[in-house]
């Protein structure tokens, strides 16, 4: 029991996940900067490693402003709910072994559901702040959900079909059994769909439509400042960790790899982090290569170019199995 | 959902205070209204209080980015008043600096425009390459942005030794990069999706609204002050006037990209055929201009720039008037923002459309707004304006 | 031809290229190159000045003040008003005024921003 609680709180639980996700933000920013021939964060700590933490602490220490016209309940609830939801979803990730802290048959669906609830939280956060830009951003977030959610789900489900299991543990173990990652094979299409749809889920270029800075200032988070904004930022980092980790677990074999007996948990963690950083690098590269689409273009793009391959992939997987 | 979205006076897409009131239905814009009068700086008035030589540096500060064009226009204006003309070498050197600053302005715009479309990487690349041009400007004129290069009767310094090789190397680099970027922009679907068929301005509308510069050329009309009214020896230099006839934001990107390469060629030609001789006339710092009026036009990076001055025979202008290109182009934004028929404009298109004209609000805020709703008409004569301002004339210390 | 993500080669290349940024205020101060003729902080040579006041009269920013000292009239330059146009240096008949390459004109005390 104690062990379980310790695992949930420290390793590979909340504290570990928070630290790693802040590190992922650093990797993302640094890589993005390097793609653009810039320096990136370089002041706080070696190579600016502590910049995300510094930013977080700075935001947390700022004055807490609640504008008069906001819905106070939503304005307080959503910044707490958003990181909590994603942190909960991160518990399903197989960080230190083939299964996460929580694992049951169907937990893949649970993760997808949590991601959708997160988007609804975003919508509520935008509408709750009662600002014109925030409303536009919130509506965009909701419309965008219609675009990417189904391809994302289908791409993950086709892997589940191939593995014959709806749990992340089952998928990881199926890859270990086959001795081959799912990305090698037709699931590569699923991986591509997963990357693109995740980009939309995380609201990053080319799908950073709900918070398009140049159009609607900051979209749904325009009214949030101080610690509320810090929590939203944190949930973004957690989402980065969650999705790159999910990609690594589902398509790149998760934490499984050659192990030295006795050192399994450590090596598993290292493998998992390395693999998910590869996924993260792809996310960052995609972010560096495109312009932002318009919301109608985004939805029509995902129904035209993401849905059909995803459907065909499901059918193909079913036929091959 | 039917409400009004204010874009400005402070908004991330423009650092300058411009107010756009958009009436939207959901994401669709049905009507727009524009207001630029947030940053009136009183430069015209200040020009009337200063001797010509001091006005030169004030004029440069109307617009930081097109400062070379502003000061060139001022110098041409005053030279016209004095009945003098800059020597040939000065004219060529002026072209070199003017075109360099056009490259720098266009690269800046292209980067910023892609930034408003959310394309951060190209934005960084464009600005990185622009830095080379800035270095060249620094080498030739002594400063990166505010060049202070033109002076009444010529230019203030000759080409420094060794500058020509460096300049040519930079030009080669810029030309190669611009060609590459054009290829990228032409093949990148996300950029095309955001710019093609967005912000359409038909040639007829463009002419009716008095649009100028690259914005007009992107509507397919071949108009360029350098060609129509060669003001600084442009008739001796062969160049193409770039036009593009799709009339949308893509055309604006395209025209500016092509113009950048054209500028490179013009500078090369000017360097090849640089006349020898003096680079400035000997004009004393203080002088009295003979009475009269003069009008000068310059093709600034953003469009046609007009300076008009009246002299009463004193050592400072009696009246000075500046019409900047943004003011001419701004009206067309309202036209482009209105959805009508199957031409639909979304909130997401606002940065693309507004950015497309290369707005520089600080230059433009010196207009009077008439109140049409209240049917109020005000007739202000020139003498009235002068009396208004001279009434509170502040003498120099 | 539409090719999504054509920039990928350039982006990956710049991963291994030297960054374009100069970490100027922190490190790499030696990388800041200024060309000859750069217009920086004004330098003034009292011994050459003949007190003609031309610099005072041309200064567009009114950054120059004329005061009397033991040798006669002389200018004082208020750098915080200077716009670095170098018109005073150009007009000076004895070249007593020159533009140095100092561009870091930041000071905590107002007196440091005055060239005498």
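Per-chain residue numbering starts at 1, and chain names A, B and C are given in the order in which the chains are listed.
By our rule, a contact is a pair of C-beta atoms (placed from the backbone, for glycine too) under 8 Å apart; a residue touches a chain by one contact, two chains touch by 3 or more.
Everything quoted here is computed from the prediction, not taken from an experiment.
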item: Longest centre-to-centre distance from chain A, chain (CA-based); value: C
item: Between A-C and A-B, the pair with more C-beta contacts; value: A-B
item: Inter-chain centre distance, chain B versus chain C - centres from mean C-alpha coordinates, in Å; value: 25
item: Length of the line joining the C-alpha centres of chain A and chain B, rounded to whole Å; value: 44
item: Rounded Å distance, chain A centre to chain C centre (Cα mean); value: 49
item: Set of chain C residues in contact with two or more other chains; value: 4-5, 7, 11, 20
item: Residues of chain A whose C-beta touches two or more other chains; value: 35-38, 288-290
item: Residues within chain B bordering two or more other chains; value: 121, 125, 128, 188, 190
item: Chain B-facing residues of chain A, complex; value: 32, 35-38, 132-133, 135-136, 139-140, 205-206, 208-209, 212-217, 288-297
item: Chain B contact footprint on chain C (complex, rising order); value: 1-7, 10-11, 20, 34-39, 54, 57-62, 83-87, 90-91, 99
item: Of all residues in chain B, those that touch chain A in their complex; value: 1, 3-6, 11-13, 26-27, 114-121, 124-125, 128, 188, 190-191, 193-194, 346-351
item: List of chain B residues in touch with chain C within their complex; value: 50-51, 53-58, 61, 121-122, 125, 128, 131, 135, 138-139, 142-143, 146, 148, 156-157, 160, 180, 183-184, 187-190, 192, 285-286, 396-397
item: Complex contact set, residues of chain A against chain C; value: 31, 33-39, 42-43, 285-286, 288-290
